[in-house]
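Shown below is the structure under consideration.
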Amino acid sequence: MLINCVAYQDGQKLDDIPVEEISEYVARPDTFVWVALRDAQPEELAVMQEEFGLHELAVEDASRGHQRPKIEEYGDSLFVVVKTIECRDHEVAIGEVDIFVGRDYILSARDGNSKQGFQDVRTRAEKEPHMLRLGPAFVLYALMDAVVDRYFPVLDMLETELEKIEELIFTQGRQRDNIQRLYELKGKVTLVRHVVAPLMEAVGRLHGGRVPSMCMETQEYFRDVHDHLHRIAASLDGIRDTIATAIQVNLSMVAIDESEVNKRLAAWAAIFAIVTAFAGLWGMNFKYMPELDWKYGYPMAVAIMVGVCLYLHRRFKKAGWL
Amino acid sequence: MLINCVAYQDGQKLDDIPVEEISEYVARPDTFVWVALRDAQPEELAVMQEEFGLHELAVEDASRGHQRPKIEEYGDSLFVVVKTIECRDHEVAIGEVDIFVGRDYILSARDGNSKQGFQDVRTRAEKEPHMLRLGPAFVLYALMDAVVDRYFPVLDMLETELEKIEELIFTQGRQRDNIQRLYELKGKVTLVRHVVAPLMEAVGRLHGGRVPSMCMETQEYFRDVHDHLHRIAASLDGIRDTIATAIQVNLSMVAIDESEVNKRLAAWAAIFAIVTAFAGLWGMNFKYMPELDWKYGYPMAVAIMVGVCLYLHRRFKKAGWL
Amino acid sequence: MLINCVAYQDGQKLDDIPVEEISEYVARPDTFVWVALRDAQPEELAVMQEEFGLHELAVEDASRGHQRPKIEEYGDSLFVVVKTIECRDHEVAIGEVDIFVGRDYILSARDGNSKQGFQDVRTRAEKEPHMLRLGPAFVLYALMDAVVDRYFPVLDMLETELEKIEELIFTQGRQRDNIQRLYELKGKVTLVRHVVAPLMEAVGRLHGGRVPSMCMETQEYFRDVHDHLHRIAASLDGIRDTIATAIQVNLSMVAIDESEVNKRLAAWAAIFAIVTAFAGLWGMNFKYMPELDWKYGYPMAVAIMVGVCLYLHRRFKKAGWL
Amino acid sequence: MLINCVAYQDGQKLDDIPVEEISEYVARPDTFVWVALRDAQPEELAVMQEEFGLHELAVEDASRGHQRPKIEEYGDSLFVVVKTIECRDHEVAIGEVDIFVGRDYILSARDGNSKQGFQDVRTRAEKEPHMLRLGPAFVLYALMDAVVDRYFPVLDMLETELEKIEELIFTQGRQRDNIQRLYELKGKVTLVRHVVAPLMEAVGRLHGGRVPSMCMETQEYFRDVHDHLHRIAASLDGIRDTIATAIQVNLSMVAIDESEVNKRLAAWAAIFAIVTAFAGLWGMNFKYMPELDWKYGYPMAVAIMVGVCLYLHRRFKKAGWL
Amino acid sequence: MLINCVAYQDGQKLDDIPVEEISEYVARPDTFVWVALRDAQPEELAVMQEEFGLHELAVEDASRGHQRPKIEEYGDSLFVVVKTIECRDHEVAIGEVDIFVGRDYILSARDGNSKQGFQDVRTRAEKEPHMLRLGPAFVLYALMDAVVDRYFPVLDMLETELEKIEELIFTQGRQRDNIQRLYELKGKVTLVRHVVAPLMEAVGRLHGGRVPSMCMETQEYFRDVHDHLHRIAASLDGIRDTIATAIQVNLSMVAIDESEVNKRLAAWAAIFAIVTAFAGLWGMNFKYMPELDWKYGYPMAVAIMVGVCLYLHRRFKKAGWL
């Protein structure tokens, strides 16, 4: 579905243009065309391929979807795949944006999983004609910057989730719940990492070393995007590492709790076992058991039992078992 | 066993040719020969070695089999080993395809573990004469692309298997089964990874940096294959990582389940121990135990026992032990 | 908030100068201006941006804060982000210092989390005119050196904390506490590592290979800072590694302690179970149980019980269970 | 101990020559000398050092032994250390072969731990004069190829051992044995890896990039050796990884087995505790316990006990505890 | 404290010279001065700095101490920090040697933790004038070689210690001790590794690639040192890896031992519980319990109890629980 198709000259918007005139505008000097698609159908992509002269393999990737984030050079045009991440009810939804960039055009196509569009990017760009004059490379930067900026709230969500689990990690009786949440969190972090890591690697090649000629003037901007991705990746690694430790610690806590429960039970069991043993003793049927005939034999027996119990109770208390 | 032996000129099929005329066709300009073998016998390979002038070490590797996936340059010809992966009844079967490529020929030899042949690759290639005109390098790409595309269903199988285990990972009483399945899955993933990782490394050298001259024109296609392998490798790493965590989590679940069972048992044991202790008390044979002579001594005793039991039961219930 | 704004010529302090005259002084030969801000407001940064001609992206980063430590080149000026670490009541507080350096100026802006200022750096630098003559690059070194030197006490605190835990790691009954402290310590180490690692990487590019021209003469000094960071990073890795092992060891100790407690309890339980079994035996109501009628039957029974108990006690003691 | 000392010209064996004539033959054109030593004594090495002009440090290393596998260049000669691995009664025995190679000579010295000699290598080489004409570099290849080929049976032994353990890993009651065998296997794998890894790294420098001039013509052969080592290293890594997982899985199995045994025991304990509690109840000495006087009181009591036991037994069976 | 201060010309010792004449001798052609200090005081270092023209930062590092092992170039002189390791009563003591090397001088300063001096190095060097003629670079090699050679006994001690623990790892009842010793051993290995790893990295830059001009002629010697360090580092990694596995295995052994003890106890508990249950049964006070009146009721009862016990005992024995 076509969303926008606009021609820009010298950083100024010329006009919305019909798709079939694209190749005409692209040919003009200092002019570029910026097209936005959504849920692009194969036929739409075929039209674009013809108008812009896109490379067959790039179009194939774009129509198939499910690509890894990447930046590929085809001659002096670029094919960029970035992934959007959106939070919905504590779940992480991954979308895909395919971007074709050439000297005189930029074409972005996002799939249905990216609910949030890029209208705001276009609006802001049109307000900065001195930047827009840098051409499609600047638009590419603006789009990538927008995508990456939207990763930060996801990162915050993951960190908040981790902190919530950490608060309960030393609480007795929460281990089953904790481990389940840690496992799910780990899954989400892995998902996000598979989005961030390859993109970071790819963007790293847009500044510093051998940079595609188109991006020469904007490389400081791509370094900025790279730096943001670096920050996100470092945080993700931190979360992953903490989750791994937390899982281990959780297991320790299970073991510690169990050993404490065991001690408490064992202490009580010992106390009752003693009472039972004494009771068994005086329950024997020997004929000559003088204490059985004593007037105060029974209270004495009970007193002995209670006494032993109290003594053991105190000792166990002291040893920290009760 | 010879399957096909066809000569192509300018991207068009000339004819099926007999093996002994190969060297003749190879010598013609703009012509190349594409031979497919299956379960190649040493004698067949010897014939091919002579017709194509293959390097001794490459032929030795091919006749021995059990090679790592690799791409080796011998002068300006290539020797390529790729592995096929097929699923049979949830098991993973690894086959091998050895490919010899030169300026004017391509020879593929698959072993008996690769049930699925490459007839479809040939058929499709013959329908695209503009591509086939690129020569043996394009055929090499087409074969590798076919092999790698067949990895994706295997990956899906592994991921489905993992998801099935994950659904049961927090279910009580399934831990023995889970751990066994995780261990087996890990084995399969390791198997697949040993196929994918070295191939990815090897294909990486067919685009970008110093590329064998034969593949110069097709390097964008090899980058595409490389990218697919990259995607598969990333998924495999994800699965491996998840399996490792799942094994740890499974151990935690065993410990948690056990500690819960322990608590429940201990609670019941405590209740019965108290009853037994009281019964022992009143089972003693002291002469002067006034309550034994009370008319309602017995019901009272039973009432006390039941009362204590109910009290403990409620307390344990509250503490979450029962 | 402006703290200082001073012009230096040939390594000598000229004078405190008003902000609006900065650009004038910057234009003089052999003169540079050194400005220190604290909790810089956007308006202050805007003034500085104009006076010094700072790059838009750098200023944006500085006003947003929460950057990773980094060193970025913009043309022939540098934008440096370093993090300060301060200990407060065994907690680790992270602050940020943003430094803009050009041929003729250096501007540092620290945020509110860095309690300790850099007045001492300025004082010492002014006492070494032969060093100060090297210009802003030397001041940059002096600032970074001061920041990094303040990491060492933090490292000491972490190491002391670890040693305290290690002393108790083989002490019975401390495992819950130990694991909690290890987990918290790990968190602090991770925090510090995220400060040190990227800075080390960045400083590494200020000596040795391709060095920004401004830092050519001072690269031996930056190598010194790099070396300090290297030492800190190695110590942090050592602590991390030790914590990981300590967590594992702690789990083992829980298991060992539990198994020892279990043995002790089981031994006592066995002893009492035997007494109870014997008592039960002689408590049976068979008519013909000759020993019940013996005169010394009761003492004999008690003697047997005590004897068996003593025997078992000795055996368990020997086996190391009691 | 001298084993062989032979001169070759143009790929043909000239003759066995006495040691003192070595330097004479070495000086002839197209001639090289191939010497094999075993358990070389310092004096023998001193003679060789003089005849061939070996480097002092290389000779020192060779006479000391216990070197890491390595390939060192001294001017245009090479000093190569490879390790042999032999299986003896499921144990792994590591031997050492030191090889000195120059333009016109090759000298190999194996120590007493390498039972198997290299006579077969010499025999085969002498049958291939077209290869032997390539000179000492080819002999070096032939020796290294032989050494590395002998690693494969060791690898097979390790893999077989691992498979045997894997078959028993989910068998109850084998965990102690399994863990001991896994630990020992790990030790052997580590031993073999320390032999393979540095050699692979070293051989990697004999093909592809900057290759010692002597090995220029034979680099395809060294690539073949490198590839074999790569395959072995990958298998070793696979084994290591599987052992690590197997150790973890084994611990899980211990925990699972224990928790199942615990449940079974607890179930039986509960059944007997109930019988004892009831027996205690009716063993009390209250005067007015009507059921004691009933004619069928006793059978009724036994019936109740048996009934409760059967009921519990069925419930536990259902819950999978028995 | 000054230990030696000697001038050498053409590999021959000239004379012990007073400190104040150093700069004079340094100026002579083919002459170099070799100074050895111990526990160097700041004033001594200041004198040396003046005589040799040492770099300020290097002197600062040397007087502060506690440096990481490193090799730094200052112009065409080197500043080298190496660590000595000595075993004292199974403890590892780390000392530091700082070495300043220039075209015409070498100055070594060891601290108080390096008990063993380098007199033997000097003695041996003076006996090899042809080596000593290579100048300070050779002396540097000789010193580093001596330091690194002294690492081997430490490595042996660590390996012996590990082997001793390994012998006991499958012994019951040694787990607490084992884990404590493994933890301590790990600490020592970490200590040694922090000494070896950075030195290896640093020495790696003295041969092969871009080598400081001073070391060009001696790079084969430094490669030898590098190789020794490589061997040590590989062994340390092996020990570390084995310790990690041993800790895991130890935990498994604790679990296995515990589960075996549990089974044994449970078996005995079951046997006694049955006796108690039977005794309870015949201890009930029902009026009509015919067996109580049988003449041989009591022996029969005891026989039943003993019989059941024996039966259970055999069954448990068979199942491997007793």
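For reference, chains read A, B, C, D and E in written order, and residue numbers begin at 1 within each chain.
Just so we're on the same page, contacts are C-beta pairs under 8 Å (C-beta built on N, C-alpha and C of every residue); 3 or more make two chains touch, one makes a residue touch a chain.
Given the structure is predicted, the values throughout are model-derived calculations rather than measurements.
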If every step must land on a chain the current one touches, say how few steps get you from chain B to chain E.
2
Suppose you hop from chain C to any chain it touches, then on again the same way; how many hops at least until you reach chain E?
1
At the interface of chain A with chain B, does the proportion of residue numbers present on both copies reach over half, so same, or stay under half, so different?
different
Can you work out the rotation angle that lays chain A over chain E using Cα coordinates, in steps of 5 degrees?
145
Starting from the mean Cα coordinates of chain A and chain D, work out the distance between those two points in Å.
40
Chain D and chain E, separation of their C-alpha mean positions in angstrom:
25
Which residues does chain A have that touch at least 2 chains other than itself?
248, 251, 255, 258, 262, 269, 273, 276, 280, 283-285, 289
Following the ring of touching chains out of chain B and into chain D yields B, D, E, C, A
If we count contacts the way the header does, which residues on chain D are in touch with chain B in the complex?
169-170, 220-221, 223-224, 227, 230-231, 234, 238, 241-242, 245-246, 248-249, 251-253, 255-256, 258-259, 262-263, 266, 269-270, 273-274, 276-277, 280-281, 283-289, 320
In the complex of these two chains, what residues of chain E are touching chain C?
55, 57, 61, 67-68, 70, 72, 74, 173, 175-176, 179-180, 182-183, 186-187, 190, 194, 198, 244, 247-248, 250-251, 254-255, 257-258, 261-262, 265, 268-269, 272-273, 275-276, 279-280, 282-285, 289, 291-298, 301-302, 305
